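As structure tokens, here come the structures.
Below, subunit A partners subunit B and then partners subunit C, in two separate complexes.
Then we have the complex of A and B:
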């Protein structure tokens, strides 16, 4: 563990108001010290969110420039700011800027010193702000001041929010010199649904449903993160069989999404046969999921306390059949990708993400791993049952679209073998425990980090003594990936943007909340 | 040669499945709404522009699936187009966030008549799980006129197909 991180958690308390990670109630000086550690690369940023009268900073002991033998451990630093102002972290650590703008949008608080005071999720269309009813909304979306770009013969291409394909909405402002992109500026927030506001006061059941719809493609991972956070807060022990079933579902979700992404990336290079083949395999995964668990995307199947559907003997046979089919077809598809030089002509060297940028932004998932970061929440910090399973983390160094395709192929192979292990080791028994009731009149908080197909999802929840949700915050991996898309497109031609974008496949819904 | 090997599925039985019957509920909702003259003009094809108006992206995954070999929606003359100017149908998902309201209205205006709006998913019907939030309008019909609702969270590709076939049938 890094020394600075150790010093930080040395001052924190453990197991009182937050579980399972330590929590530091900081004063302004402690807050600034925590920000300084981020600036110096002593640890990484795992999340940053507000609630009425308070800001929270989740720090993670992960591979950075200076951390030794990182554990993946988390520490939550909280600062009370009853006057609605707090010192900016973004001022010294730019990856925090968008998160800070969001805190200001949602809670009307001010980050003193934030270099970018423009609104982010707030487009000036809400009639009230969550947690701040009646607060004046920001300016109109059309007035949004994009960053100025100056230079000879530059032109701008505005794209979105409604895009040409069946994809989520967002706005991209390209500045180009001829065909080459010199700058991309993103404008997001179009699908902000106010999930944190809806969570406040929700029953556990309703909150779990909401968590499962923060980003529908990662519904299992989000439901798992929510369940883990609730179980940590309430010290509920999940039955062993449910732990394995959760891993089974999570890996099915990962396989389905990676197959979809591989097909979609190749399709954007006009290699549609890959999309056709991957589409068939993906459909087989979803059909197997529907047969086994009653829902193609397995929505609402992971719930606090366990899982909502057990795997029958027939279901087991369905999964085994699916594994056999994907195992049989995948090498052909990987070979097809490998040997099609016209396709690699588009993917190799395109959209290069520098490893130091990936590290600085704490970029996880396929994108981070394709740029040399050996991070995966299943390993760092790790959670059951992955701590009992043998698997290594596929990593590539090249950092281009090609590397992101190859890491996806490699991860599908790993997930197939994880499912085989899960089927072999899953004990018989119950699959659902009741959430332990509160033994006092104090709220209970839980924090979880779960690896979805896109990367690490952080979820924090505070429960009231009656076990309804007081506040809940979910941080999508895309928060630390979207800004890097702006960086990787620089110097590429406009026509390669779809490839870069698909190879990232960030979530709009998960980001916009 | 490699490509040929991957095309060998041409020799296998097709994966594409028989069409589901047009959804009864959809037929009932459409009855009398689609006027005969418009039906004539549409002929046997539908061009669809998909608009995500605040979905969780679950609905998009299943709409995508309509293009895979099992459902192969293009065999019915239904295809997805890139511009609302080329569209007969807007397929709208999500509870319509306030931040997407204007974009949805503009997309509707940009679509030439005759046009139909299909609201896809429980969110698009009445806001679904997100109803009541300060940030959503609470369903597509709160913003533009809707001709057909396809429920589900998300609706399966089969449900989507059944709904769209009802629209195609009633517009024939």
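Then we have the complex of A and C:
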């Protein structure tokens, strides 16, 4: 796989420090060829981040406009830029623009040729940038120039960052002609926590703790991504039982979140009875998780080397009871959704996401799959134990709010059967292995791609020889979904935005790092 | 004296009806729900709180809540609740009620735009879009009723409906449906508006009053509570006038009338809650179609009257 990428990118030397995928050290020309490949759709963008003196571009061999028979393999292209300048990828490949602005914000490096030089996460009030202690003085938030819109009788509606409901903060700037949205511009970064700065120098235990809190609703998926990256870097073998338990937890998290989303989407159309039903079911899932693993969201239960809580015989019975209940109730809910014409009237045709846009932005998760993109990190590139499990990926072509609701229903059904398989095939044995110690004085790097309920989470980590974290970067699936929300709402009416937004349900926290 | 009592009764039970509807809805969603008395506590809390005014607010913004409240209270007082033939009944008719409600809405919409925030303007424009269809629909319904009863006085209409000779008339059915649709729209209930939403972008009534606080908000909330009672009473008075005391009846008749009236309101509350639970909110641009149906029904009701009469 690495050879194919090397052939595409040309002049680059292959590194040996990253596992399980290859790394190419590119020069400026190789970097530009990598960007050109993204533009031409030869492969997809999986991640793009900086570290002091270097920028990294993760490419993935995934269905794009031109790629054939994708393998899902990844490749990391790195460019050293000691002078703090590097050629922009966003100049030729727009999905990279926001990631590039973030690199500039966090590490003070400049992307030459980036068409949008405005800051992104940095609102001008941080004390320090990660990797550059003390570089920026604390201050009041700077003025942010929103994109200009010209035309007769247009008016602007600023919404947020503080919203009326209990949701995360983010600012939306609508430009409308009457009720119709002409443009939506997002402004994010309000929940920047400095995850990368906190990770630097942290012990494995603390770093796993932090990783599980990048985006609280996907805590299992993030912890799993971190654990897999660390295990890849240290070549630790995870006990078989732990692998199955991780899948069990990940699917429980997926079911709980999808149920919550379905209820919340319907509630935004003022159909609160669905929220009530879904709320009850979601609560059952969370309580079952609390009974089995000791935490409702299963926070800190997936740790590098295995899992922190084993499933007892009693716990097994609890899960089986839960599966029976959700299986029995789910068809009723799907039927209620199908039969309520007033609800369908709101969801069908609303917030249509064009399949070519979804493909171009590498949009994964429910949103991508509802727009005809059959991608799932559990399949491509795939990781244990899903490679041993039979499941197909629910896909819809319509790309509207209705399709996103239906894909969520279908995924809950799939997750239920995956849990059944996991319970049946889970062997007895230990659930935690110790992380193998370093065999030299070289740092070790690991990369992992894990399917959370929103989509594929990419996590890269570099460990020092003493097994503390040198640097870590987590790329939330929302990076490639937020920009699409702007495209989706265009031409819809303002009052339908909450519905579109909820059907996307992007993460603010995971995105703001 | 009875007129004064009725005005006080309407004012006193208005928050209770809204609280009751909320409570029934919560029970239907299998939630415990806040006590039906919660709206009283909310009003008390709002009255005690200080008023926060936008810098750009004019005198209109400050007086509008009182105007709105007064107009709706007077309108509510014109509707016979537990007794017909009240003092005010002879001084103002159904058209006056529609006019008073229109006045209240006009001032609220003006106040919504006064501060100059985008949400106020958005809410006012949506409210006016709804009103431009809801008001004619309401008037058509009024015309049908008055043609039937031969009077625009509500007491006369109620007495006419109590008369056994009315029987079943298609026009009345059409008018009932039209009035129900109008009352749902006017009271900002699902599917036209969602009274409990937190989504700024979908609000109609709530968006208009987003800038209000303290006692001003209390007046507007109280006016909204009164409006719900007003429409429930109106429909009850016209289509279910049983049990109302006539002018000059004894104390006992008034007592029975009050009891029956409260029962009617409770039934209306349960029906409203059940309807709201079973339906999703419609798109903003579907609302005129929905209300257009009410207008057409009112029109049909009037036309049918003439057709049946000429036969």
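Going forward, the second predicted complex is superposed on the first by the 492 of 513 C-alpha atoms of A that agree within 3 Å, B and C clash if a C-alpha of one lies under 4 Å from a C-alpha of the other, contacts with A are read in each partner's own complex, and residues count from 1 in each chain.
As a working rule, contacts are C-beta pairs under 8 Å (C-beta built on N, C-alpha and C of every residue); 3 or more make two chains touch, one makes a residue touch a chain.
These numbers come from a predicted model, not from an experiment.
When the shared chain is aligned, subunit B comes close enough to touch A:217, but subunit C does not. Contacts of A:340 after superposition: both subunit B and subunit C are touched. More residues of subunit A lie in touch with B than with the remaining chain of the pair subunit B and subunit C. Once the two complexes are overlaid on the shared chain, A:80 sits clear of subunit B and of subunit C alike.
Using the contact criterion defined above for the overlaid structures, shared-chain residue A:158 touches subunit C, although it does not reach subunit B.
When the shared chain is aligned, no partner comes close enough to touch A:387: not subunit B, not subunit C. When the two structures are aligned on the shared chain, A:209 is found in touch with subunit B, with no touch to subunit C.
Contacts of A:276 after superposition: both subunit B and subunit C are touched. By the touch criterion defined above, A:498 reaches subunit C but does not reach subunit B. In the superposed pair of complexes, A:266 makes contact with subunit C only, with no contact to subunit B.
On subunit A, the patch touched by subunit B and the patch touched by subunit C overlap at residues 164-165, 273, 276, 280, 340. Of all the residues in subunit A, the ones that touch subunit C in their complex are 155-159, 163-165, 179, 266, 268-273, 275-276, 280, 340, 342-343, 345-346, 493-498.
Against subunit A, the residues of subunit B that register as touching in their complex are 2-3, 5-7, 15, 50-65, 67-70, 80, 82-84, 94-95, 97-103, 107, 129-130, 132-136, 153-154, 156.
Against subunit B, the residues of subunit A that register as touching in their complex are 121, 123, 125-130, 141, 161-162, 164-169, 189-195, 197-198, 206, 209-210, 213-217, 219, 260, 273, 276-277, 279-280, 282-283, 286, 290, 296-297, 299, 332, 335-336, 339-340, 507-509, 512.
Across the complex, subunit A is touched by residues 25, 28-31, 118-119, 121-122, 190-191, 194, 197-202, 277-286 of subunit C.
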